[in-house]
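Below, each structure is written out as structure tokens.
Look at the two complexes coming up: chain A is in both, with chain B in one and chain C in the other.
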Partner chain A sequence: MAQAVAHRAEETEKTALITGSEAIAVACKLADVDVITAYPIRPYDTVMQYVAKLVANGEFDCEYIVAESEHSQFEIVKHASAVGARVFSGSSGVGWMYAFEALTVTPALRIPMVVMVGNRALDDPGAFGVEHNDALAVRDLGWQLVWVDSAQEALDTALIAYRVAEDRRVFLPCAISCDGAFLTHSQGLVKIPSQDKVDAFLPPYQRGDLLLHPDNPITIAPQANEDWLMEIRRQTAAGMERSTAVIREAYAEFEQIFGRKYGNPFFEEYATEDADVVLVGMGTLSTPVKVAIRQMRREGKKVGFVRVRWFRPFAAEELARTLGRFSAVGVIDRDFSLGSPHLGGVLATEVRAAMYLATSQPPVLGFICGLGGREVTVPDVRKMSDIIREAAEGHPQPPTQWIGLRE
Partner chain B sequence: MDTTATVETQPGVKLDPFKGVKKLPLEEFFTSGHRTCQGCESALVMKMMAKAAGPRTIVLGSTGCMYVANTTYYSTSWVIPWMHTQLGSSGSAAMGSAAGLKAQMRKGKMKKEPINVIAFCGDGGGADMGLSAISAALTHPDYNLLILMYDNESYANTDIQLSGSTPYGAHTTFSPPGATKRIMHHRWKKNMAGMLAAGHPTCRYVATMCMSYGLQGMNCVRKALSIGGPTFIHSLDPCPKGWDYDPILSHELGELAVATGIWPLYEVKDGVVTLYGKTKQLAEGQSPRLPVREYLLKQGRFAHFREEDIEYFQKKVDEMWERWLIPGVIPFVKDVEDERISA
Partner chain C sequence: MGRLFAVEIVYRGIFQKTLAKNISRGIVLAAHAEGKPGISFGRYGDSPERNGIPAKNFAIVGTDDVTLEEGMAKYEPTEVDISIAVDDTLCKGVESWAWYGLQPINRLLKPGGALIVTSREQPDALIAMCHRKEYPYRLAIVKGTPSFSGLWVYKDDHTDVRILGAVAKLLPDLVGLEAVQKVILAEWRDPLKATSAARAYERTTTTTVRPDQGNPEKPYQFELPKWWEMREGIAIPCIRPGQPMQDMDNHKTGGFRPERNPTFKKFTTRTMRPVVNFDTCIKCTLCWLQCPDSCFDVTPDGLYDANMEACCGCGVCEAVCPVTDCVTMVNEVAFHDNASQWEMWKKDKDAYQTWLNGKIEHRPERSHGFRYRGQYEEQTPEMLEIAREG
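Right after this comes the complex of A and B.
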């Protein structure tokens, strides 16, 4: 069936020069989302500006609600999803934190909402630029978290996110992280798939026996204490565990229907085949990293890059196996985890934890870089590569270093 | 009220007022399985609210006694679909549910039919934390929903702490009378219904009620659900634990709150204010307004009151009845006096 659809839809596929935010707005339209809630905060809010235009122009039929706070934004879609509606929302920085209570309750309620986080530094001091601490704050709660680095990937991942989140084996929310400015506001050529293909890929949202409706008069989220809470947590955890396989299935079918390949869904490998050392990171720092790697390769330095897409679920074993192939690993965090082991970033700490059970354990160094939207430059990347090379050659290095910091 | 062409409201459920106690349906939609205190008037509000709304209803309940005591895992008292919502989320819960139903019905994803959406909250959840979301919900004429605030005049579930809706001077666990400070809580109770009615001119129905007058209360709920758009009801609910009195007095205390004029019963329907029930009789002079002393001294939470405290309380209530632009509803006085002088 996928084949037949592919033929028919080729004619209607369009290419457009759009930003990451607009790409996600287009995905919402293609996914026929029913309820969307907006509240202004830069940089994510651009997605809602595009949604508003689509609604105003009659191109997109949904309940589009401008809420009075982020807390309400996420509570409104949570309840809309409970009565069976497909929903979308989003936020950035302190806005995401303002919604934190709502974000906390959503996974255990098994609400498969899909949202966009336009990653932004947390105030104070006020800053618009990208940092990943906002989205990462929910990492322990049952949210699926994915980072993308291009407008095309943003659109595709939004469709994949609905399919995975709404899969009854998972039924957990998913946040798509787009680096503020570098992706939310940067345009790229995007192939916009035809409605036919999207319909073939994304089945309707069915809440089944969890639907809140007079025909299914259930009581949702009654008080449960020590007598049952642990079993309920275990069920939520099991949903997250199953998500890994469901993500794999979704990417495989995505490739079949849309013809675009993402390879391993969980992380992208760049120039790793013959690399001796690798950098690891998330989001749009892939651009300077890839440019620097091309430069260094011309000089004979065999550096590779692993870009982590799905942070939750975290593909620990697979990533550890991959990273074990190299003689040193440098993890670039666009975030911080103050007081954490080795005073490192969140990603570095997770990568080290993943490596703990690996048979091959090269040194893992952490770099904190590009905070508050500061550019991660090509010289920064070269510097980090040099440091991990030193480690690979047996010269011990500090476990965490801040790169691009004014002295 | 005229809703402009840009607002598309789903047809509401048609619920005619109950014509008398004997005409009430016997079927219950909030039934056994709850663990509220003996004499809990808020539980009675839940029961009457559900009966008034009927089976085609979805109820969203904010954290508080009416969550914790009513829905224990494996023993819910709700016959109709019910979902917990966060303490400050009654407005958002109602809006999200109504919007979700509306979108799916319009787009052919769900059978078209009127379904009642009711979100309830306590005074802590509503008059304090959830005020902003309730206010937002009341500005959306395109969603049919009712937000019902059951006011037991404290954060009861967490062991009786003062809220913005706790009466002046009341003893709560956060405002215990002490050796130096007899009155720890000296804020006057928020005028929630009046504030919401005045502040949301497109909201078609706001009312106060007290379940000591059960039939009137149920008919408030039925009007709120039938009129179309977002609506709000503020219910005053005697709470034996928080107010510290013998549970046998619950019904009587509700009546006394009204008879002393402390709790005025009124509706604001399409911008028209109507005092109803006992309050109407007080306003028209058909029955005397009782002194607040009779109400206060029946409750342990005012046991530390001295004469001067009772007098202050009485003065504030008199002021409401004698000087407010609309007694019990709109607390502005200045222009009225000017008008009276110039007339």
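Right after this comes the complex of A and C.
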């Protein structure tokens, strides 16, 4: 296994001005990742550049492989993980799509790969701004999906992701989504924890009886048909079911060791305590939303915000219970699901499905906003808030509306 | 509800795939000509592109659409009126790509159902190969060697239509000869094939097989594990390395027997088996080295014993053996067990030579497509002669 070359020199926490992508690369170094594969595509390429720099500077010892395509990129780390290496990879937009076949085979083989998706719009028209459809495309396949909204959260979540993915009860891949530009290309002040603390938090990767090694002779990924397939799927599903509790454990221990509090791991609540209505969303749109909420609160409008972190596993019951407290809910989707129920976004559809079994069911409105890197502005947020307040007051609203569109 | 009919055609991939499909289609089209709807399909879980692997086609017919739908609610039928084996070595049972465990050839037959086999053997020889059934069934033989009719350039030997004629005789409620002939003319536009069907119809007779007749062995089987019993990650523990063998004379151990998969033996893929003349063997290792299934056990005295639980009958050992008649492929119908030849030879070498010479006489009888180029074409005139003369 690779040894971190120079990390012992820095045992104390320090603060650095780095992007979300750099924060993820730092997390890879702290986690002493063994094998990293790369293939350039914006905005993910910022991670590979920073990892390359760490390796070139002698600060980080890992196998760093620039593959010939995204498909190979993910295949290589899949195999490296099968033989016991801690791995990291990542991509964006259509690069992630090009790897799709490799992404589908990873969960069933119980490969705890951790990757970063620098969220990018799918082509065409070749926009490189943020849209969440790339990462969301694997939502049905057994990938754990988490969205973060700051460089600090990116670093911390990467460490948590290794801990959760490599837990024997889970053994499923995890993709950390970072919004293109707003997070991947924006430098913020990040507390970089000491190596000691990371070592205390993150146990070594032990593949046990699934290790592909001459001392543990097994065949993995044989062809199997209808008399095996359902049992295999059920096993993978059981891993995802167990993930929820493992995530809770990991956040609790993270807080204990690092002293940073994230509260509920699955979603962050902002100004919800006395709110009448709430907005729901993922990623960096949290900044304009929070600012707009503060404005509106000064005007006496009680609006709150729920930022979903973990999309898979989806904390359906808990989220439904929380959202049931309000008189209307507005879901902001930085994605779309063309032809879906109410012609809306993926998050809105999932939230509505989660609410179906809830005892309290306020109206859930969907907003498509901020596609292809367009900013979600404070006036956009105020407009969406006004619409859900209308709905809360008993004036029916269309189930899906496009906000910030030239019309 | 009306009446439902089910016929299965058991064949060997890849050479008999078209033959099986043509028989299956012929039954459904003939039934349709009589106003009955039907469905013809190959079992999806099979792997009929693999040489020798047993595979199946099904023809399902109902007297009306609702009855057919009732039958098709269970896609793969649990019982059939007729089982057709287009290779007589399939009578020993089948273990297809998708099945786990050995399935008797007559497993799906209803009480009183019929097993049709293409063979040059007598009924007694075939009955001895088939596993015992708890109730009586009928056996009909359509005389002939295993046919590749309909495939690529292989000559049409009329096996397909002769079997259709036999089906009309055995289950006239499913299809009558007239409908069969009508479909043959429409599909193949060959009056001679219609005549072949009629001849087979006339000649087909049946033998009743009683529950006390047949192979008394219980076919090996096992339970598939529950989802929480399986190792995660689609990981399968390997077959462990083997062990030395024991010499029954002096109880010394030596040689090497590889460990083998106990639940997927594959020997029903075999249509021929190698017999070994241990007295002329020069211990050159070539058979052991070249066998694609690692089926040779290395005996304590340094000989190579083809293990019949593991041999698929490919014939590579015979092809690579440098000694004349040291390894000889023999028609599988000439054998009734999977016993060790080496043990037989150790027990009584003279008796073994007599046995061996008796088996080698069966040598030229069959082909499974790659024994040597042109063999099947050589056999076709004989098969056409059988079709004409019975």
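Assume the second predicted complex is superposed on the first by the 396 of 407 C-alpha atoms of A that agree within 3 Å, B and C clash if a C-alpha of one lies under 4 Å from a C-alpha of the other, contacts with A are read in each partner's own complex, and residues count from 1 in each chain.
Going forward, contacts are C-beta pairs under 8 Å (C-beta built on N, C-alpha and C of every residue); 3 or more make two chains touch, one makes a residue touch a chain.
Just so you know, these numbers come straight off a predicted model, no measurement behind them.
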Practice prompt. For A:Asp227, decide between first (touching chain B), second (touching chain C), both and neither.
Written response: both
Worksheet item: Which partner does A:Phe311 reach: the first (chain B), the second (chain C), both, or neither?
Response: neither
Practice prompt. Could you look at A:Ile218 and tell me whether it touches chain B, chain C, both or neither (first, second, both, neither)?
Written response: both
Practice prompt. Based on the superposed arrangement, let me know which partner A:Phe367 touches: chain B (first), chain C (second), both, or neither?
Written response: neither
Worksheet item: After lining up the shared chain so the two structures overlap, which partner does A:Trp147 touch, if you call chain B first and chain C second: first, second, both or neither?
Response: neither
Worksheet item: Does the superposition put A:Gly239 against chain B (first), chain C (second), both, or neither?
Response: second
Item to complete: Answer with first, second, both or neither: which of chain B and chain C does A:Ser81 touch in the superposed model?
Response: first
Discussion item. One more residue to check, A:Asp209. First (chain B), second (chain C), both or neither?
Written reply: second
Discussion item. Applying the document's definition of touching, compare chain B and chain C: which contacts more of chain A?
Written reply: B
Worksheet item: Looking at the overlay, what does A:Ala108 touch: chain B (first), chain C (second), both, or neither?
Response: second
Worksheet item: What residues on chain A does chain C touch that chain B touches too?
Response: 217-222, 224, 227-228
Item to complete: Would you mind writing out the residues of chain B in touch with chain A in their complex?
Response: 55-58, 60, 67-68, 71-76, 78-86, 88-89, 91-97, 99-104, 106-107, 109-110, 115, 132-133, 135-136, 140
Worksheet item: In their shared complex, at which residues does chain C touch chain A?
Response: 45, 98, 100, 224-228, 230-238
Practice prompt. Would you tell me which residues of chain A are touching chain B in their complex?
Written response: 32, 34-35, 61-63, 65, 67-69, 71-72, 75-85, 87, 101-102, 105, 204, 212-214, 216-224, 227-228
Item to complete: Please give the residue numbers of chain A that touch chain C in the complex, ascending.
Response: 108-111, 171, 209-210, 217-222, 224-228, 230-232, 234-235, 238-239
